[in-house]
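Got a structure here, written out as structure tokens. Questions coming.
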Amino acid sequence: MELIKLTIDNRAVEVEKGTTVFHAAKKLGIEIPTLCYMNLADLNIEHKPGGCRVCVVEVEGRRNLAPSCATECNEGMVVKTNSMRVLNSRRTVLELILSDHPFDCLICAKSGYCDLQNMAIKMGVRSIPYQGEKSTYKPDFSPAIIREMDKCIMCRRCETMCNDFQTVGVLSGINRGFEAVVAPAFERDLDHSECTYCGQCVAVCPTGALTEVDHTPQVIRALADPTKTVVVQTAPAVRAALGEEFGLEPGTLVTGKLAAALRRLGFDYVFDTDFAADLTIMEEGSELLDRLGRFLGGDKSVKLPMLTSCCPGWVNFFEYNFPDMLDVPSTARSPQQMFGSIAKSYFADKIAVDRKEMVVVSIMPCVAKKFEASREEFKVDGNPDVDFSISTRELAALIKGANIDFNTLPDEDFDKPLGESTGAGVIFGVTGGVIEAAVRTAYELHTKKTLEKVDFKQLRGLEGIRSASVDFDGVEIKIGIAHGLGNARKLLEDIKAGKSEFHAIEIMACPSGCIGGGGQPLHHGDSSILKARSKAIYTEDELKVLRKSHENPYIIKLYDEFLGKPMSEKAHHLLHTHYFARKLKHIDID
Amino acid sequence: MTSVKLKLKENDVKKIQEICKSFNNEPGELINVLHKTQEYFGYLPAEVQEEVAEGLGISVAKVYGVVTFYSFFTMLPKGRYPISVCTGTACYVRGAEKVLDEFKRILKVAVGETTPDGKYSITCLRCVGACGLAPVVMVGDKTYGRVTTDGVKDILKEYENE
Amino acid sequence: MTKIKSLADLRNMKADLQSKIALREKSDNPEGRVQIKVAMATCGIASGAKEVMEFLVEELDKRNIDAIVSQTGCMGYCYAEPTIEVTLPNQEPVVFGYVDSKKADDIIEKYIKTGELLEGIIPVNYEKID
Amino acid sequence: MAKFKTHMLVCGGTGCRASASDVLYENLKKEVKEKGLENDVQVVTTGCFGFCEQGPIVKMIPDNTFYVGVQPKDAADIVAEHALKGRKVDRLLYKDPVKKEHVPDSKHMGFYKKQIRIALRNCGLIDPENVNEYLAADGYEALGKVLLEMTPEEAIQIVIDSGLRGRGGGGFPTGVKWKIAQGVKGAQKYVVCNADEGDPGAFMDRSILEGDPHTVLEAMAINGYCIGATKGLIYIRAEYPLAIHRLKVAIAQAREYGLLGEDILGSGYNFDIELRYGAGAFVCGEETALIHSMEGHRGEPTFKPPFPAESGYLGMPTNVNNVETYANIPVIFNKGAKWFASIGTEKSKGTKVFALAGKINNVGLIEVPMGITLREVIFEIGGGIKGGKKFKAVQTGGPSGGCLTEKHLDTPIDYDNLIASGSMMGSGGMIVMDEDDCMVSVAKFYLDFTVEESCGKCSPCRIGNKRLYEILEKITKGHGAMDDLDKLRNLSNVIKDTSLCGLGQTSPNPVLSTLDNFYDEYLAHITEGKCFASQCKDLIKYEIIPENCVGCTACARNCPVNCISGERKQIHLIDQSLCIKCGACMEKCKFNAVTII
């Protein structure tokens, strides 16, 4: 490998050829500030439009300043990152950006988490010398995401996520010059676009331009209402990330503290979505075995591969983009919805509470879950199975607002019966986890043998598209895994073209699965955080006594007492769903 | 961008599909396709852009992003007599701004707008390269050179009874 | 049109076509060339100036003399028509009267080729006609 | 074949066409036929003569008579008098604005005296829609020589030796650019001609494409051979219909002759050209933006490197040159690098085409050797300032350039001197301003353009230029403060220093150069609330001088907002609260009774 020597701020450094000045400086401990640059190296997402111009540095021999994020190091290069010229330019550029930004920082949803705010603090900006016209846009309130483009600084990260990574293609830079902004087609609201609400735009937005809809007030109101029984469920990925909001190292597992905090917030029953994940495996795994059995038996009408359906962003995506393939995904509802459905039937009956008096709150790493909870098909007489879905970030805000010192909380357990889960339920939170959980159960159900080694390492990892095969006692089951909707699209196109050899495919909309969800604490473009969260999830799995969904005693009990068996009529009614072709057409043809 | 709705007829849709096909439905030909469709419809309403997106297999947002980037593309129908005032430098220093103001004053519409009766629209044009005739005004394909504020009335008079 | 298949073809073609614009190129650089003006007003045409002009154009070309032949209005020597004005490079213009084909031939062979003066020069202090 | 004794060259450029030169052409043909002169007189449509100020132009060959402002109805006189009887039609001759005399032919016109036409050599000489005329004018000779007698390396060396630099604005050495592109490997390479002439007030590229399209095709083929490309693309403004038409005709003719296509001139080399259309975005003149636009994207520039030579159109090695640059190429091969390098200055060789416009007598397109002074261009070729007013400034380089003054008039024009003077060559726009132009307003005009044309990708250009514009507007409205001048300067420097592409890196030039050269005007606006040129509406008032007013009512009748009161034969009065400062009253008053204070 070719090495290059250069000098940055009078210090020599040696880097590989192709390294940018930004990274070379980092090597010397020099943090060059930037607003638009984003590098999710493990996911092959590097966004360096060179647009914000905050990261400019002085390169000897160059006429003008160079953006360090896009400038590659050359042999003998002499760089200054903090000369008067650089500092003045950087400050002026920042002042310019601030001059076109609202000053409502105190009440902004991103306050405290905003890259722009942090930079202004760091640089000690005390006045904006260049006042002038500010851009104004109508705010856009969709069921899951809020767009306040007055706060957009044109870093274009959201575009990269939406178009290049997710291939959803809802956002584009529009207009030009001072009027330029990122928006859906015809500046329609997201609600009238093909947005999947995956929330990756929200996850990478450096300012308050893109945020999730805040449901915490409704949750607080429900908690304060003595007539309501408030039940909470918390998704697997939440426990691997919530700690970051309280200053804990990324990857710190806070399962016990999480349960304790929820209890202190006043939830009547503190349950776990992992329970519903186990339930999902029972239904989805059975469906897979059913399809597989018929297929291997020569039934040509069977659709294979079967695709997982627990990710709501992914469900939205295929409803918009593959309306002719709605029979390919599993009909099983997502864990969030299975939980809501069971809570408001089986559990409500058990505690003798009318479903109308029960409020189900879900804590999700996701913003698409907000939309999913609002779907008509998940309501009974207008009453939703899940009343409110809040993100990991919203939960953190609730905890902070309730004067709870999270870090000193004791570890507590979830309540029973809907709080008990296996390791299979936990790994739903990371890419490959759902299919691994399904394999653990399907293997045993299919072969009637006990699985000795439950870890299927071949299904794990962060590569965008992975494939592996699992030996079902002589039958080779081919499995595909994709995370990120762009990767999912590739697998879907293959199926459409009849080229897919897989029997089952797991798809997650977000990079590295739910742990990288749009509702998680912001990773600010640092993919090592995602890796740490992934590790935490697998640790939790390993710590569990039970690691196969069908061994969950409360699941067994649920079937015994209420559902009968997987895929029963009752199970179909409560735990399965159907999909809608949602290709948007605004065209009236005369 | 402000826009005017258009209800597409079946053969309009066909026409757009034909245009896309004539460029092999190649996404890279987006700008050429938009030129051709605007030539046909006179403007590019949302409905047309959606069909173009479909025809080229790209997102509508992308099409809209391109349409709003280039000043040649418009989502508003032009008047029957589209008036373009050159505001290039040569015309500017020879009084194009006053001429433009006069058109705006008489027709009571702003730049980029069409009169309510659909007769005239006013746009600004970058240099047409007829700097010798500055300031230059075009009405449709007809060029008027050395236009003065007084001349504005005379130009409009030509179209009075049409 | 047929395809041009080689550089030689191209050059042959150019040689054929050159005359098309030769006059334009020559008149753009009149310096160093023989310039002849034929008076072509009514009186000139009546006395055969057109024929003289055609003769000059043809013959100068045939004899490979780099010259520009143009027409001009009445020079004021109606008695001596047809008249032509010949300007050799770096010399004062000279006007010849009563020019017919034969005389024109003489002018080419003697005055233009060798600078030898002939009879029939109209020696006047006239103003140069543009 | 008829041997024509007279050629009538009728300008068919956009400017003259706009004044009905196409009708004139038809009329001339008709008259020639009626007079039975078809075998003596050839009527030809040519490209632009450059003298656009007084179009339509008809030039008579061989006597170079130069008729200006010719109307279709003048065809009869030209044929009957000039073609038939050899008598010039005096009233159509160009009149010297100083001497007030008719000028007999183009050789005596100051406008042409100092010009050397290389890039424009065929404009106004040949019929652009007739490939045979181009062939007759040494057309495709250079291509033939390069393809059959030279290696790409030899050909590139000739371009390097000529010293030719990019004429689109940057001034990068063309041969070096080709050499870089040649050195990069790629499955498919491209040659792109940048014909997205967006600089308001510059129209040389259009004139070349309209007047001599084949020269661009020939040069692109040479370029293609040199770098190993087989495909050429011309990115042209959709607003140039005539140029597009002529290019299409030229491409078709060249293909028919086998001068484009496969196995050109038996050399085994294949090359073809397609057109791509711009859609109205100035920033697409920047090569990376241009490439994105050709690929069907928003024309946003990207950071270089990678340069297009490494990764250009569709990610392939691409060489982009501008129209005028290409127009020089065939001549360099025909006349030699040495000949070319003998023209111009030490570091800027050859000629440059300038579009002269503004307050100058001879508006038009000129081609002059590098090293000529602004004084020669403005006062000799341009014929001085219109209406005998006083010269104030000349803006070169379009929105990216700066305003130069009296003190720069004797500086030889070349790339480096212009930059040293605070302006730039740009694409060659040259706008002359007189004492009636307010330099703060001029800076504001350019900023208005930049704000409109910024792509919005990078912060300093997107927001900074807007703020510059706002500060300038504040000053022209009389609300400026002294610290605004510091802000202008700091902002300008930062925008130049930090912007992503050439647009932002040069957009503050009009501000900086006017600040440097016309500081007193800025001061007057701020401290005294005065605009020397009386251009800033908010700083002036129209008033009636009672002593001079005779009460003719002309001003009142012509006031568009009826804000002038007064009976017949009584002194009139302007209601300042209603006045829109259009100046109509002043124009109409025959008694000098309206004044600006």
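Which chain is which? They are A, B, C and D, in the order written, and residues in each are numbered from 1.
Going forward, contacts are C-beta pairs under 8 Å (C-beta built on N, C-alpha and C of every residue); 3 or more make two chains touch, one makes a residue touch a chain.
The structure presented is a predicted model; accordingly, all values stated were derived computationally and were not measured.
Peer 1: I want to compare two interfaces, B-D and A-B. Which one has more contacting C-beta pairs?
Peer 2: B-D
Peer 1: Averaging over Cα atoms per chain, report the distance between chain B and chain D in Å.
Peer 2: 23
Peer 1: Taking each chain's centre as the mean position of its Cα atoms, how many Å separate chain A from chain B?
Peer 2: The separation of the two C-alpha centroids amounts to 44 Å.
Peer 1: Where the centres are mean C-alpha positions, what is the separation of chain C from chain D, in Å?
Peer 2: It comes to 39 Å between the two C-alpha centres.
Peer 1: In whole angstrom, how far does the Cα centroid of chain B sit from the Cα centroid of chain C?
Peer 2: Their C-alpha centroids are separated by 55 Å.
Peer 1: Quick check on chain B: which residues sit in contact with 2+ other chains?
Peer 2: Residues 65, 69 of chain B touch two or more partner chains.
Peer 1: For chain C, give me the residues that contact two or more of the other chains.
Peer 2: Residues of chain C touching two or more partner chains: there are none.
Peer 1: Which residue numbers or ranges of chain D touch two or more of the other chains?
Peer 2: Answer for chain D, listing residues that touch two or more other chains: 281, 298, 455.
Peer 1: Throw together a list of every chain pair that touches.
Peer 2: A-B, A-D, B-D, C-D
Peer 1: Within their complex, state which residues of chain A touch chain D.
Peer 2: Against chain D, the touching part of chain A is residues 48-54, 56, 64-65, 67, 70-72, 85, 88-89, 92-93, 96-97, 99-100, 129-130, 132-133, 153-154, 173, 175-180.
Peer 1: Looking at the complex, which residues from chain A come into contact with chain B?
Peer 2: Residues 163, 169-176, 183-187, 193, 585-590 of chain A touch chain B in their complex.
Peer 1: Show which residues of chain D lie in contact with chain C when the two form their complex.
Peer 2: Residues in contact with chain C: 1, 3-7, 9, 61-64, 84-88, 104-105, 107-108, 125-126, 132-133, 135-141, 144-145, 147-149, 253, 256-259, 265-266.
Peer 1: Looking at the complex, which residues from chain B come into contact with chain A?
Peer 2: Per the stated touch rule, the residues are 1, 3, 7-10, 13, 46-47, 49-51, 58-65, 68-69.
Peer 1: Which residues, counting only chain B, touch chain D once they are in their complex?
Peer 2: 27-32, 34-35, 65-66, 69-73, 87-90, 92-94, 98, 101, 105, 125-134, 136, 143, 145, 149
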